[in-house]
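In the two complexes that follow, chain A is the common piece, with chain B as its partner first and chain C second.
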Partner chain A sequence: MADESLLSDDLLRQLVAVGHVDILVGIPTLNNATTVVDVVRAAQAGIGGYFPRARSVIFNADSGSDDGTPDLVRDATTDDTGTVTASRPLRTTQRITTPYHGLPGKGSAVRMIFAVADLLSADAIVVLDPDVISLTPEWIPALVRPVRDTTADIVAPLYPRAPADGPLVTQLVRPLVRAAYGWRLQEPLMGEFGCSRRFAGHCLERPAWGSGAIPDGVDLWMTGEALANGFRPAQTALGPRLLARARTRPGLPDVFQQVMDAVYACLEMHDSYWLTRGPAQPVPCTGTLPGAVEVGPRPDVTGMAQAFARDVVALHPVLQKILSDATLAGVTAAATAPGPLVYPDELWAATVFEFLLAYHRAVMTREHVAQTLLPLYLGRTASFLQQYGSSGPAVVQDALESLGQAFELAKPQAAAQWKKA
Partner chain B sequence: MTQMVADAVRQVGVNFVDTVTMLLPRILITVSIVAVGWVIAWALKWAVRWLLIWLRFNHGCDRIGVGAVLKTADLPPADILVSLIVFWLVWVGFMLSGVDVLGFTALEGMVRSFALFVPRLLVAIVILVLGVVCANFAWRATLIAAVNARVPSPRVVSGAVRALVLILAGAMALDQIALARTIVLTAFAIAFGAVMLGLAIAFGVGGGGIARRILDHWFPEPGRAEHEEFRHL
Partner chain C sequence: MIAGDPLWYKDAVIYQIHVKTFFDSDGDGVGDFKGLTSKLDYLELLGVNTLWLLPTFPSPFRDDGYDIADYYSIHPMYGTMDDFTSFLAAAHERGLRVVTELVLNHTSDRHPWFQEARSSRDNPRRDWYVWSDSDDKYRGVRIIFLDTEVSNWAWDPVSKQYYWHRFFSHQPDLNYDNPAVRQEMWRVMEFWAGLGVDGFRVDAVPYLVEREGTTCEGMPETHEVIRYLRAQLDAHFPGLMLLAEANQVPELVRPYFGDGDEFHMAFHFPLMTRMFMAIRLEDRGPLADIIRRTPELPASCQWAVFLRNHDELTLEMVTPEEREFMYDEYARDPAARLNLGIRRRLAPLLDGDRRRVELMNGLLMSLPGSPIVYYGDEIGMGDNVYLGDRNGVRTPMQWSGGWNGGFSSADPERLAFAMISNPVYGYQAVNVLAQERTHHSLLNWTRRLIRVRRSTRVFSRGTISLLDPPNQRVLAYVRAYEKEQVLVVNNLAGTVQAVELDLSSLAGAIPVEMFGQSLFPRIGTQPYLLTLGPHAFYWFRLRRL
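After this line comes the complex of A and B, so read on.
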C-alpha cells in the first residue's frame, strides 16, 4: 500500500478525479526540456495507437527542473505537421505533472510513480527515461503487453548493442546478475521497464525504500527485488537506445561507484536468495530480437591497455589486500605480458567476485574498493575490445555467453566465502 | 688527643650503623614493593594480552595498517607491544613508589612526576596510532585517486602524502610528551617549510609543462580520454 504522505493534497485531488486506469506511463524528469516532449508524444502515440480502449495516464514526477520541463510535459501535443495518426483513441490520456520531494534521484521519482499507480489501481506501469531520443511509440506496447497478458510481472528491455557499447553492463553487471540471481537478463540496469501493480505494491512495502538505504541504482535494485521474490521476469525487444548529449554527465568514476554500490547493496539485501540459487535460466523474450548493429572499425584501446599495465603495478599494494594471491598473480601477469592484452574470462570473474567479497568484509572503505576495481574494469574492457571490437554479432554473443558461464562457474566458491565472512 | 679522635671515629661508626639500621628496613620494603610490583605487572601483562587476543586486537590493527607499520619497524605484534607497555608502566610505577619509601630528598616527587607523565605518554601513543591510521588512509586514497586521474608517478605522490602525515603525527606526539620540544618544533617547521618551498619551486618553475598537462587533464578541452569515447552503460 502506498504511503499517502508521498502525495500532496493537490495531487491526491487530481488523482481522485482520474480514477482507475489500465495503463500508467511514468516519466521521472530533471531538466529534460530538450527531449521530454518527444518522449511524451511517443508515449501518447503508443497508448493511443495500441491501446485505444484503455484508460491511461502519463504521470511526470519532476525533481525541480528549472528549464520548464513540467510545463512542456503538460502542454505537449501529439499534433505534428506531417504525421497522420492511423487511429484515434477512444479515451483521453490524462497527463499529470508534479514535483516530488524527498531524497533527490530517480529512486524517489519512481517511488512516487509507483505510489500513484497503486492509488489509481493501474494494471500495467511503464517507466520511461526522458533522455532517450530513440524512443518510439512501439516501445509502449512492447513493455505493456506482457504485463497485461499476465505472463510477466516485470518486463526488462532488450537493446541491440555494438561490441563497444555498454561494457559496464556486458562485462560486469550482466554476467554478475546472471551468476548471482540465476536469470539470463540482458539488461539488468533497466533504463525503461514495465511492471505489474503487484510488483509496484511489493516495492512500496519495502521499508528500505523511503529510508535512503536503496542506492542510487534503483533500477538494479528493482531487478534484484523482482528476481529474488518470485516475480516473473520477461524481456522485450526495443530499438536502439540513444541518449541525448547531456550538458553535464557524471564522469566514469562516479558512474562506476554508483553501479558498484548498487550491485553490492543488492547482493547484500538478497543474499539469502542468491547464495543458494542454482544455474541460470533463460528469461522469456517477446518481440523480434534486435537486429545486427552496424559494427565500425575496432576501437583503438592501446592507451587503455598500456594504462592498465601501469595501474596494476601502481595499485599492487592495495590489490594485495583485496585479491587472493593466485588472482593477483594472474592479473599482474596479464598486465605485464608482452603483446596484446588478454584478460581471460575466468580471471575477470574471479576478480569481480573477490572485489565483492572485499566489499562484504569491509577490508577498506567501499569507495576505495570500487575505485580500485575501476582500472581493472578498463583493462578488461580493453582486452575484450581488442579481441572482439570489430567482430560480428554472433561472435560477440558467443564471447559474452562464455563470460556468463565463467561467472557462473566462479559463483559457488564466492558464495562459500561470502557465508564465512 | 688520641682519645678524642678515637671517640670521633667511634661516634661516626655508631652514626653509620644507626643510619644503616634505619635504612635497612626501608630497603627491604623497597625491594618488597619492587618484587610485588613485578608480579602484579607480569600478571597484568598476561591479562591484557589475553584480553587483546580475545578482542582480535591484532586483526583490527592489521586492518587499519598499524600491524604493517610494526612489522616494517621490526617491532613485536600489537598485542605483545601493548602488553609490554602495560607491564613496564606498572612496574616502573611500583619501582618509583619503592624509591619514594627510601626517603631520599633528591628523589622525592619522582612518583608524582611519573604520574603526570604517564597520561601524556598515553596520549602521545594515541596520537601516533591515529597518525598511522590517517597516514595509511591518505596514502591509499591518494594512490587510487592518482591512478584513476592518470597523475604521473602515483606511488611517489601517495608516498609523499603518507610521509607528511606521519611526520606531522610524530611531531605532535613528541610535543605532547615535551621531549626536546624546541628542537622538534623548530626542525619540523624548517623541514615542512623547506618541503613546501621546494615543491612550489619544482612545480612552478621546473614542472610547468607537467602542471599544464595535469591541469589540462583535470579541466579537459573537447577531445576526451580513450575510455570516455564510448558509453559504459
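After this line comes the complex of A and C, so read on.
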C-alpha cells in the first residue's frame, strides 16, 4: 500500500484522471532544465515506438526546481503534427509533474514514484536520470521488457565503460556487492533502472525510508533490498552513459562519503542475508554492449599515486586502528615501494572489508573512516589504471573478474569478524 | 421525392437495407420490394427517417449487385418496377425518404455497353471504357481488392486489349473522359429521380478519371464530372441529395464537397475506425484526434457517420501498428479479415457486450453527422465470416425465432444467404419479435436512442467543442445549435471512472439528463465532477433557468 500522506490532493486528482497504467516512467528532477526535455522526449518516443498499445504515464517528481524544470516536463512533446496515418502511440502517454516534500534527494523522489506506481497499479516502472544526455528511446524497452516479458523484478543497467570510467563502481561497489550479496551485478549504483510493481510495493513498505542513508543512497539500497529479499534481478544493455557537464556536482570526497555510507548502511540492514550468502551467481542479461569502447590515452595517475604515498605515511596512526597488521604492511609496502604503484586485488579486497568492519565497530566517526579510505582508493585506482588504462575491453573485463574473485575470497573472513563484532 | 426542407439530409437518421435479405414476400428465398414495403411500419417505429437501399439493379451478382448490368430497371427477383414505385410511395407516406445506389465508376462486364465495347475496337461504345495495349499504363496505382486482384488491368481476349478496373476484373471502369458517358449517367439519375427517389449514394467516387503519373484518385477531372451531375440535379430536382463514398481521410474527402456544389454528404470512414479503436484502447486520443482533424464543411453539407455497413470495417486509413492492433482485438480469427479490413457486424465485433454496443451507438448518434444504422444492428445480429467475400454481414434479417427467422417461407437451402443459426447470434436467440416484447431489449433501447437524438437539432446541425478532461478514458464534448446546448460525456473504459470537467464557460447551466430527465447540480466555476459506470454515457441538455 502506498503511503497516502506522500500524495497531495492535487496530485491525487491527477492520478484519478490517469487511472491504471501498464508503464510508469519516473523522472526525479532538481533544476534539470537544460536536459530534461530530451529525456522526456526520449521516454515518450520509447513508449510510443516500442509499446504503442501500452497505457503509460511519465511522472516527474521535482524537488523544488527554480529553473522551470516542471514546466518544461509538462510542455515537452514529440511532434504531433503528422497526418492521420502517421505512426504514433495508440494510447495517450500522460504526463504528471509534481513537487515532493520531505528530505531532499533522489530517495524521496523514488519513494514518491513508487507510491504513484503503486496507486496506478503500474506493471512496469522505469526511473531515469534527468541529467543523462545520451539517453535514447531504446533505453525504455531495454528497461521495461525484462519486467513485462520475463519474471524480472529489478532491471539494472549495463553501460559500456572505458577502463578509467567509473572507478568507484568498478573498483569498489561492484566487487563488494558481488562478494557480499552473491550476485554478479555490474552496476549496483543504478543510475537508471526498471522494476516490477511487486518490488516497488515491497520497497514502499520498508521502514528504511526514515533512515539518513536512503535519500542519497537509494540506488544501492534498492539493489540490496532486491537481492536480499529474493526479487529476481536482471541486467540490460544500455548505451554509453553521458552526463551533462554544466551542472555543479559534489566533489569526490563527498561522493565517496555518500557511497561508503550507503554501502555500510545496506550491509548493516541486510547482514542476515549476506553473511550467509554463498558464491556469486550470474545475473541474466538482455541485449549486448558494444564490443569496443573509446579507451583514450592512458590516464596520468601520477598525482593519485603521489597522494596515496603521502597519505599512507601521514595517516599511519589512523590506519593502525582500522587495518590488520598484515593489510597495513601490504598497503605501506605498496605506498613506499619504488617503481610503478602496484596495489594487488587481494590487498584491496582486504582493505575494503577491514574498513567496513571499522564502520561496523565504530572505531571512529564514519566520516573519518571514509576520509581515511579515500587515499587508499586513489592508490588502488592509480594501480589499476596504470596497468589497464589503455587495455581493450576483454583484458579489462578479465582484470575486473579477478578483482571480483578476490573480494569473494576475502568475504568469509570478513563475515566471521562482522559476526563477532 | 418528399418536399420540404432542402437540408433534410442534415436531420436524417438513415437505415441501410439490403433488399435481398430484408424480407421475402413471395417465398423464393430472396427479399423483395413487396417484403420491404410490408416492413415499413417497423422502420417507422424504429424512428429512422431515411432508407438507403443497396443496389437492386439487374446484375450477374458477382459483387452482390454492385456489378450492374442494366441501370434502368430492377432485378426481377426483387419484384417489378411497379413494386418499386409502390414501395417508394408507401415510404414517402410515412415520411421515410429513400436513397438508392448509383454505381458510376464501373459496370458489370455483362452490361450491354461493355459487350458492345469489347465486340470490336471500332465499336461506337468502345470509348465508353478504358482500354490499353499494355498493362504498364497507370503503373503504381494501388490495387483495392488485394485479396482477389493482382492488377488493375484485365486482358480482354475478344478485342485483344487490356481494360481498366479498380475493383473486380469483372467490373470494367467507365471512361468519364467521354462526354457521352457523363450524359448517359445523368440520364440514369434523371430516370430514378423522376420516379421519386430522394437521393443517391454514389459508389467509389474517387476513381472516375485516370491520369498517368498520379494515384488515379480524386483527379480534378473527377470533380468536374461530379459538378456536372450536381448542376443537372439542382436544375431539375432541387433537394435531391448526393452522398459520396470516398474511402479516404477527411482532409482528402473534403474536396468532394466542393464549394457546396459537389456532394451534399460523404461518409466519414476514419471516424468509424477510430471509434472502434478508442473503445478498445479505452483512450479518447484516436477519436479526439480525428474529430479535431475533420475540416469544416460548406454550410449545406453534412458528414454521414456509421458504425458498420455492408462492407468490411476498413483499416486502410490507419498506421501499420494500429492495423495490427485492430486485427488482434477485432479479428483474431483470420477468416474475419478481408482485404485491409474486418468483415464483421457490430455486435460480434464488440463481443456481444451490450454496454459497449450502447456506447458505440451513443457516440454514433451524438457526434456530428447524419447517422446510419445498418440493418440488423438494432437487434444485435451476428455474422458468418465463412460465407465468402462480404456476404457474412449481409445475412437475412432475423424477424422471429420461427422458420427462417421469419425472413422467408422458402426452404432454408434456397435462401439468398444462410441464416445465422449459432446459439449466441442465431435467429432463435436474436430476433425482432422477441425484442419487441422486452422493454429493455436492444431494439427498444435503440428506438429510445433515436427518439432522443431526433428530439433536437443540436446533434444533426450543431457545432462540436471537445473538452479536454485529464481523464483520457473519458470523451466529452458540447454540441451547440442556436440556443441549445448539449453536454455529452462518454466513458470509453470498461471500468468505473471519475472525471472532472472544466465547464466554467457553462457556469449557471442546469444539466438535465436527456433519457431520464434527471436533474444534476448546477454547473459552477469549479471543476464539475461526474462518475460514470463502465462504458456509460450521458447526454445532458443544458438549461438556463
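As a working rule, the second predicted complex is superposed on the first by the 406 of 421 C-alpha atoms of A that agree within 3 Å, B and C clash if a C-alpha of one lies under 4 Å from a C-alpha of the other, contacts with A are read in each partner's own complex, and residues count from 1 in each chain.
Basically, a contact is a pair of C-beta atoms (placed from the backbone, for glycine too) under 8 Å apart; a residue touches a chain by one contact, two chains touch by 3 or more.
Predicted model only: the values in this text are computed from it and were never measured.
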Chain B versus chain C as contact partner of A:Pro52, first or second or both or neither: second
Chain B versus chain C as contact partner of A:Ala208, first or second or both or neither: neither
Partner touching more residues of chain A, whether chain B or chain C: B
First (chain B), second (chain C), both or neither touched by A:Ala421: neither
Which superposed partner A:Leu315 touches (first chain B, second chain C, both, neither): first
First (chain B), second (chain C), both or neither touched by A:Leu12: neither
Partner chain(s) touched by A:Ala333 [first = chain B, second = chain C, both, neither]: neither
Common interface positions of chain A, toward chain B and toward chain C: none
Interfacial residue positions of chain A with respect to chain C in the complex: 13-14, 16-20, 52-53, 55, 83-88, 90-92, 94
Residue numbers on chain B that touch chain A, as the complex places them: 63, 137, 140-141, 143-148, 150, 154-155, 226-233
Chain C - residues contacting chain A, complex: 249-251, 270, 277, 281-286, 289-290, 293, 317-322, 325, 469-473, 493, 495, 497-500
Touching residues (chain side chain A, partner chain B) in the complex: 164-169, 189, 243, 251-253, 255-256, 259, 299-301, 303-304, 307, 311, 314-315, 317-318, 363-365, 368, 371-372, 374-375, 378, 381
